[in-house]
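Naming follows writing order (A, B, C, D and E), and every chain is counted from residue 1.
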Amino acid sequence: MEHVVLGIDGGYPLLVLAWLAPLAGAIALWAFGPRVRSLGGPIGAAICGVAFLALLPLWNAATAIGSHAYLFSTHSNGIGAAGASAVASYSTNASGANAAAVSTLAGIHQSLVSWAPGFTFGLLLDRLSLVWALVITGIGFLIQVYSIGYMTGDRAFARFFAYLNFFVFAMMTLVLSDNFVGLLVGWGLVGLASYFLIGFYFDRPSAVKASRKAFVINVVGDIGILFAIFLMFAAVGSAGYGDVFANVAKLSPGMLFAICGCLFIGCAAKSAQVPLHTWLPDAMEGPTPVSALIHAATMVTAGVYLIARCAPLWNASEESRMLVGTIGGITALAGALLGLAQWDIKRILAYSTMSQIGYMIMGVGVGAYDAGVLHFLTHAFFKAQLFLTAGIVIHALADQQDIRLMGGLRTRQPFAFWSMTLGVLAICGIAPLSGFWSKDAVIYGTLERGYPALYAIGVLTAGITAFYMFRLLFVTFFGTYRGAIDPSSLGIRHPELSGQAVEPAHDHHEAHPTSILMIAPVAVLMIGTIGAGLLWIAGWRDFFAPAFAGAPEGHGAVFLPELGSTILVTAVVLVGIAIAYVRYAAPAALREAIERLRVETVRMPAPLAHAFYFDVAIDALFVKPAQALGRLAGTVLDPLVLDGAVRETSIVTAWLGHLARSFQTGLVRAYALTLVVGAACFVAYYAFGAVR
Amino acid sequence: MIDYRSFVTQADTLAILPIIITVLGALVVLFVDLLMPKKAARRTIALGIAAVVLVCASLDERTLYGPAQSIFAGSFVVSGFSVAFSEIVLVAALLSLALSAGIGKSDQVPGTTALVLWGTSGALLMAGAANLPTIFLGLELLSLALYCLCAFSDRPQARESALKYLILSSMASGFMLYGMALLFGATGSVALAAFALAAPSPLFVLGAGLFLVGIAFKLSLVPFHSWTPDVYEGAPLAVTAFMSVVTKAGTLAVFARFAYVSLPPAIAERILIPVWIVAAISMVVGNLAALAQTDMKRLLAYSGIAQVGYIVAALAGATESGMRYAIFYLGAYTFMNLGAFAVTALVARDAEAGARLPAFAGLARRRPLLAWAMTLFLLALAGLPPTAGFTGKILILASAVNAGYAWLAGLLILGTAISLYVYFKIVRAMFAQVDLAHIREERSGSPLPWIAVTLCAVATVVLGLYPFAPSAVLPALH
Amino acid sequence: MIAAFCILAPIVVGILLFALPRTSSVPRWVGVGIALATLVALAANPNASDATLRWLQRPFTASFHVGFTGPGYAIALLLALVTVCALVALNAPRSRDFTINVLFLEGAMMGVFLAKDLLLFALFWDLMLVPVFLTLVGWGAPHGRSAWKYLIYNFSGGLLLLLATAAYGAIYGTTDVIGAATLPIPAFPGAAATATPWILAGFAIAFLVKTPVFPLHTWMPETYADAPSQLAAVISSVQSKAGIYGFLVIGLPLFAPQMHGVAVPMIVLGLIGLVYGALAALVERDVKKIVAYSSLSHLGLMLVGIFSFDELATRGVVVYMVAHGLFSAALFLVLGYIEAREETRDLARLGGIAAINPRLAGALIIAALAALGLPGLAGFAGELLILTGSYRAGLFWPAAIALVPIVIAAAYMLRAFQGTMQGPRVADLPERRDLTWLEGLALAPLVAALAYLGVNPAPIASLALGAMHTLGVAAR
Amino acid sequence: MIVFWPLALVLIASAVFTITAKKPVYSVVGLLVNFAALAVLYVTLNAEFLAFIQILVYSGAILILFLFVIALLSSGTKAFDVGPDRLPKILIPGGLFVFVVLACIAAVTVRLPFVTRPLAAVGVTGNENVFGSVADFGTALFTTNLLPFEITAFVLMVAVIGVVLLAGDEAPPFAKKARPERESIVKTQVLK
Amino acid sequence: MLVGPEQYIALSAVMFSLGVAGVILRRNPLIMLMSIELMFNAANLALVTFARAWANNVGHIFAFLVITVAAAEAAIGLAIVVVVFRKTATVDVDEIALLKG
């Protein structure tokens, strides 16, 4: 069997180091956390930094464009043969027509292990994974530095960094894998890291519940990918990227759609796409740095990575692009709408994350991979910055997360205010901040590729985004501080519904001064927030052109030029900002802020307040029936029916035993009688039956 | 003029030498007792002599192993087959005597020991009997000895069991005798070997049927089993142990010879089918009735009913190999059954009366070796490894399947399944967590049962696992 | 000879241990030593030659023939490892007697997995039930019914196995067939044609009960819950594999046509068990029963894998057998530690232990994650190979349905973990010491093996391959 | 052969009387008549020695033994039929049914072809060395049937020892007395 | 009417059946023993008849042996009845049922 490997096979110890160092850090910190105590944070951050640095020397090798793919003939029993690249037969002209698609995806490849024929594992670092790997380790490093300040004093300080390191390892596994199984391994492990971190404050029932929910929904996504692997393996006999992509032409359109659909189930769960998004807002139970790293910058964008990675599949399947683009658009809109209704600062950011990922998915879904990936990059910067800033605010306000109980923080926390303002502007897409470039590219990409409906959604969502992000900004930082007033006067009846913990967490429940360790990473992120978008005009598309070769191009005939589109979007965004200003920041609005917030709280439209009833529906459709069936099995079928049958059998047997004993009356004459009856039967048989 | 010497040659005498040893040994026991002073350890001496006698008989029996020889004008046949049964009988007698160190009060022991020896000789006669009078006399010799032995206890149950055994067994003897008369009438001969040559006639079939009724009674096959539980429970433990094996061994020998040698091939299968059926019923009913028993002797009686069903099932189809497996299983049964009796004797407060289930409670913690030995015997009875019971059952199953009696094999499995509860009830009692404070420890003074337990345990395992083929050891028929 | 050593050494040593005082802790360490010796002996001699001793010549030939079949070797390794782990941190009362039982169990189960003769297999099969029964009786809940249930179900199966073995021997003339290169020619071809399906039925029922498979499983939750955890670890991890192993090395090679004939009902049963176990685990309150029901689910998957007759799936089955053995042993051991500390297994009574016993929580979560098929641990590798193979073999719906319980598994495993370890502390739960070093030592090899096999299951998977060549399982 | 029918009548009548008599003594009398008639039948079948033995052993020894035991048990307490008949009544019709079946089968069987063959010729009863004579009997007994004959010795020995051990051992419950020399019993009996 | 072996056998069968009935119907162990004697005698009659039919005196020998055994059995049986009576002061077999179940 021929085995196609993407990338130039070889030994890359730095790559392995970058991959495994966080794992080693995680294990060490987990095992020896109680010993190292406060050193845990610096150690964790340092390891992450090492991983980041280890990647840099690989830049040239990973981005070198090879005009070739490597084909290995492996023994069909395949044990370890793929690793032994020396025996490979080499070909520059692989598999005919698909060679072009494959050959452009060059990078570096490190072989690892083989399970069975078709299941061989290795690391692949090409442009796509390089971008992700750098973001993961880089932002991971920054956020760990931030966390040293944020988590100071927490009892499980070292364990927190163990989890973060583990997450980085898992995410690296996900993006560096050269096959779908390895990807799935990473996919599951990041889910696990996410589970640990969401449930970090595990004595809080809401955190426990949220972590379980996140994990289970992510497993739903996992089995989507699993099924896609079945399909691919049955079709091409391998789960390696190279093998699958080289054989795209052999797959029927229906099969392609099925594969893409199943893969997308995974994306939807991981990247919080409708209808599998419900875990993301709940995931804000985790510490804020976690939300920044995992639930904003990196993990949730794994779906984007997967689709970008599988560009050859999507390129070949029009229906899949339609499906993914549509879901992405719906998610973008739904996230934005739900963002309108939130009061918890982190939940607002969570819904905005969902919305922005919707954009990315829409982008990569319709084939605008470069735009989608750029939006991932810029979003990683500005959303991480937003979260970290929110963290600073929360930290300073003794873990208060309800923006109704904030207000007027502009003067009290100037750094936070400016940082937040910058982030909000970026996410709204105000030129020339990073969000402007990427979002614009995505929105226009849909139009370019012939999806006007998605375009419309994109534009509308941009406006809504501007509104609710500025609402967040205005309510939090403008006006007067409301932290001291009675929550009920703001209409807050059930604090837990607002996202605020009933029993706020732990031992660091007091106002903290903002440490330099928390400010510095935010400052670094600001650079990206401001400047990352410029990559779009600095050769971004060319950089990725080899990776996304064969992507559907624009139809040409577009009724709106790019500049016109930009102006339109900017106008809509400005309208959104204006409405927000009028409602929340205009002097008149500020005067009656408390009353306004109360009314808004009480009169919140029910569908929004209940997040479009997704939770209710999932509960009623899946959870409740499963529990009912389980109860049926565990309390009725097992003890009564199945076991009952056995019990009846034993009862009948015992009864038969008593019956047999009842003939044993102790009366010798009765015994004689049974003897004679037996003899009579014998005699009757022998007299009449035995001989005819 | 008849030369009477030609009817009692040296060969004849040598061939029945084990029986002569046994019979005369009983007389020696009695006479030595006469010569003893009053205070002497009469119990020990009697048992010692009996043991020597039985061992001598057993050793002598081994010399007879070889091709079949017919002696006493065809009354008796000595062959490997008869030797196998005889050895089982002798071993069983030896072990039984060891169980409770003599039967009855100490001044009765010489007499009862003599009776045991005579009963043994009756079974030895049955093992080699080749004509109807010899069968009948051997059977009666055994039975008469057992009637008496059953009554040697002050417990009213023992007396009752003797009376019941007497009445029912005599009645069964009557049936058997009448069957013998009809067989004689149908063939004009009393020699088993001559029957097969006769033309099949209804009279023969009916005679065979009545004969088999007697056989089934002695084997205690359902529905001819009803005497078994009562007699086993009532009789002194050693007697129960003795009769549980010796009666079965002797009767099986007779049955096997009858089934294999004397039936005209044309009708053999039809004549024997009822026996297989009652064997099948025995396997099931015996185990069913044992389910709720708490008295060990009674439980083992029911278990014996089922076990003998298994043994008879081995003979189904009257294949030559089946015969060997039946002998093998009988040998295995001897050890596992007597082992269980021996443990019961050791556990019991009154070794003669036997023990009930509560006496076994917590045995694993009080006397672990005894408990494990008992577990071994019970596993063997249940047909589980690593015991002879397991191997024996496999052989029987294979033989039944081979002979085309798969339904018997199936019922055997059914019966065994039921029996698991019976045997594991005891295992459970021994190993369960109990409050040991409530249990009064009873230790019997005599080391003899311990010897029996050890011998039986070793034999049970070795017979099951020793890598020999029963076919290589057990002889051909006749 | 290595195989014979692994079977006999634990049994002989077990018998010798009776000589030691009842309350001493020496027997336990002797037990650990001998189990370790078997482990080393196995690991050091993967290619040891068979040992044979003639047993029966008639009615069929049978031998004391022991040696390694591929899957058997894998499970024997697992067994030795799990036995070591179970004994290292033994906390049952009367440890000498318990150790003896566990050693008997190890020896008997070694016999099951190393026997290369059907009759010997049947012998050990029945034998391995006895120590379990004794332990359930002696260490389970007083007056509990679990021992009876275990006995009735498993011995009924064992007896059918016995009958089937005898019938096989009677018809084919030999039972020395496990792992044999060539199959015996039936002595009675006519009888063979009629009887062979029935013989398979006998074997299959025994295997199904032992595994167990719906609807023959109801003995299992109670047995596992009632058994002392060390025993539950051994039987859930190793004994439950006997049925699957039987299908693999007896069913597939000896009864290939008949196995194909019953594939559909078997797959359906496996799937029902798969879903049923998962659903039942979702609402169960007894943590040990949750694991028990999860076993039902996982074993159903193995059944599906076997009856897909696919090479990849067969590899997956072997990997998953080992993986399941590792994580269920780890789970039961940890749950045992919890039960020993808190004296309850009820989820409603437990909670928040992680706050004071973080190491215990860590141990439980690793085991639970392996059980729920976390990618990167061995369970996932097995599941993936089985399902991929099954799907490739054309079992579309089974593969699709089998995915659902993976989600449910995540839910119930986390429910069990969080219910015991997380959430607010239960007020009246006593504070106990955290995982001790010994307990950690008991778990460490299991976890390490899970992680290693999760990354690289090829060594185990290739054992299935070796078996398949000798067993003549054509890759479709 | 005309004597057969009256004898058969006597035989059956006496047997019925034996099993139905109220008192055991009457049964003994019935049995006596039965045995006597049987002895005569033996003579009609050329078994003169057996007829003699029949009278001697059965009538002379066994029945006397019965009478002794009846006498022993009837002294002082009521021994026979003291309680209610515990055998369920429905079983008695069953028993009768069985009996009828047995009788019928016996009747049917003996009508089958075998017995219609003519009897083998034998000599006249009473002569020496002819079928049924003492000499004929003795020759057969001491030659071809020597082994069974020898066994009877032990059968009787068992009976003697057994009865002695059983009966001589203890006093009846209503006349309990300690007997000082229990060990002498075996001695005396064996010496007899 | 000619008298052949058939009539003798029929007579013996009837006697045998009467013996069986006696065992079942009577509660007095002595009469039960007597009934058993009837059965033995019936068998003896059959033996003697067949001996005559075949002109083979082994039937006589057999009958003789049976008589011997019957004597021994009667002796032992009566002894057992006596010892039972000593223990329980009754010999009504319906009253002697300690052992059952």
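Here is the rule we go by: contacts are C-beta pairs under 8 Å (C-beta built on N, C-alpha and C of every residue); 3 or more make two chains touch, one makes a residue touch a chain.
Just so we're clear, the structure is a prediction, and the values are computed from it rather than from any experiment.
Asks: According to the touch definition, list the chains common to the neighbour sets of chain A and chain D.
Replies: Touching chain A and chain D alike, sorted by label: B, E.
Asks: Please flag the chain sitting at the greatest distance from chain E, going by CA centroids.
Replies: Comparing chain centres, A lies farthest from chain E.
Asks: Could you tell me between which two chains the number of C-beta pairs in contact is largest?
Replies: Comparing chain pairs, contacts are most numerous for D-E.
Asks: From the centre of chain C, which chain's CA centre is farthest?
Replies: Following the centroid criterion, the farthest chain would be D.
Asks: Which chain is the middle one, judged by CA centres?
Replies: Answer for the innermost chain: C.
Asks: Averaging over Cα atoms per chain, report the distance between chain C and chain D in Å.
Replies: 69
Asks: Report the inter-centroid distance (CA atoms only) between chain B and chain C in whole Å.
Replies: Their C-alpha centroids are separated by 42 Å.
Asks: If you average the CA atoms of chain B and of chain D, how many Å lie between those two points?
Replies: Measuring from centre to centre gives 29 Å for this pair.
Asks: Can you work out the whole-Å distance between the CA centroids of chain D and chain E?
Replies: That pair's centroid distance is 6 Å.
Asks: Give me the residue numbers in chain B that touch at least two other chains, ranges are fine.
Replies: 133, 137, 140, 144, 147-148, 151, 163-164, 167, 171, 175, 182, 185, 201-202, 206, 229-230, 292, 421
Asks: Could you list the positions in chain D whose residues touch two or more of the other chains?
Replies: 86-87, 95, 98-99, 102, 105, 109-110, 115, 144-145, 148, 152, 155, 158-159, 162-163, 166
Asks: Which residues belonging to chain A are in contact with no fewer than two other chains?
Replies: 661, 664-670, 672-673, 676-677, 679, 683, 687, in rising order.
Asks: Touching chain A in the complex: which residues of chain C?
Replies: The touching residues are 149, 152-153, 215, 217-218, 221, 276, 279-284, 293, 312, 315, 352, 354-355, 358, 362, 369, 372, 374-376, 380-381, 384-385, 387-388, 391-392, 399-400, 403-404, 406-408, 410-411, 414-415, 418, 421-425, 455-458, 461-462, 465.
Asks: Within their complex, state which residues of chain D touch chain E.
Replies: Answer in residue numbers: 1-2, 4-5, 8, 11-12, 15-16, 18-19, 21, 24, 27-28, 31, 34-35, 38, 41-42, 45-47, 49-50, 53-54, 57-58, 61-62, 65-66, 68-70, 72-73, 77-87, 92, 95-96, 98-99, 102-103, 106-107, 109-111, 115-117, 119-122, 131-132, 136-137, 140-141, 144-145, 148-149, 152, 155-156, 158-160, 162-163, 166-167, 170-174.
Asks: What residues of chain A sit close enough to touch chain E in their complex?
Replies: It is residues 661, 664-669, 672-673, 676 of chain A that touch chain E.
Asks: Give the list of chain D residues in touch with chain B in this complex.
Replies: Touching chain B: residues 105, 109-110, 112-115, 139, 142-148, 151-152, 154-155, 157-159, 161-166, 169, 182-183, 186-187, 190 of chain D.
Asks: Given the complex with chain E, which residues does chain B contribute to the contact?
Replies: Residues 132-133, 136-137, 140, 144, 147-148, 151, 154, 156-157, 159-164, 166-167, 170-171, 174-175, 177-178, 180-182, 184-185, 188-190, 229-230, 233-234, 292-293, 298.
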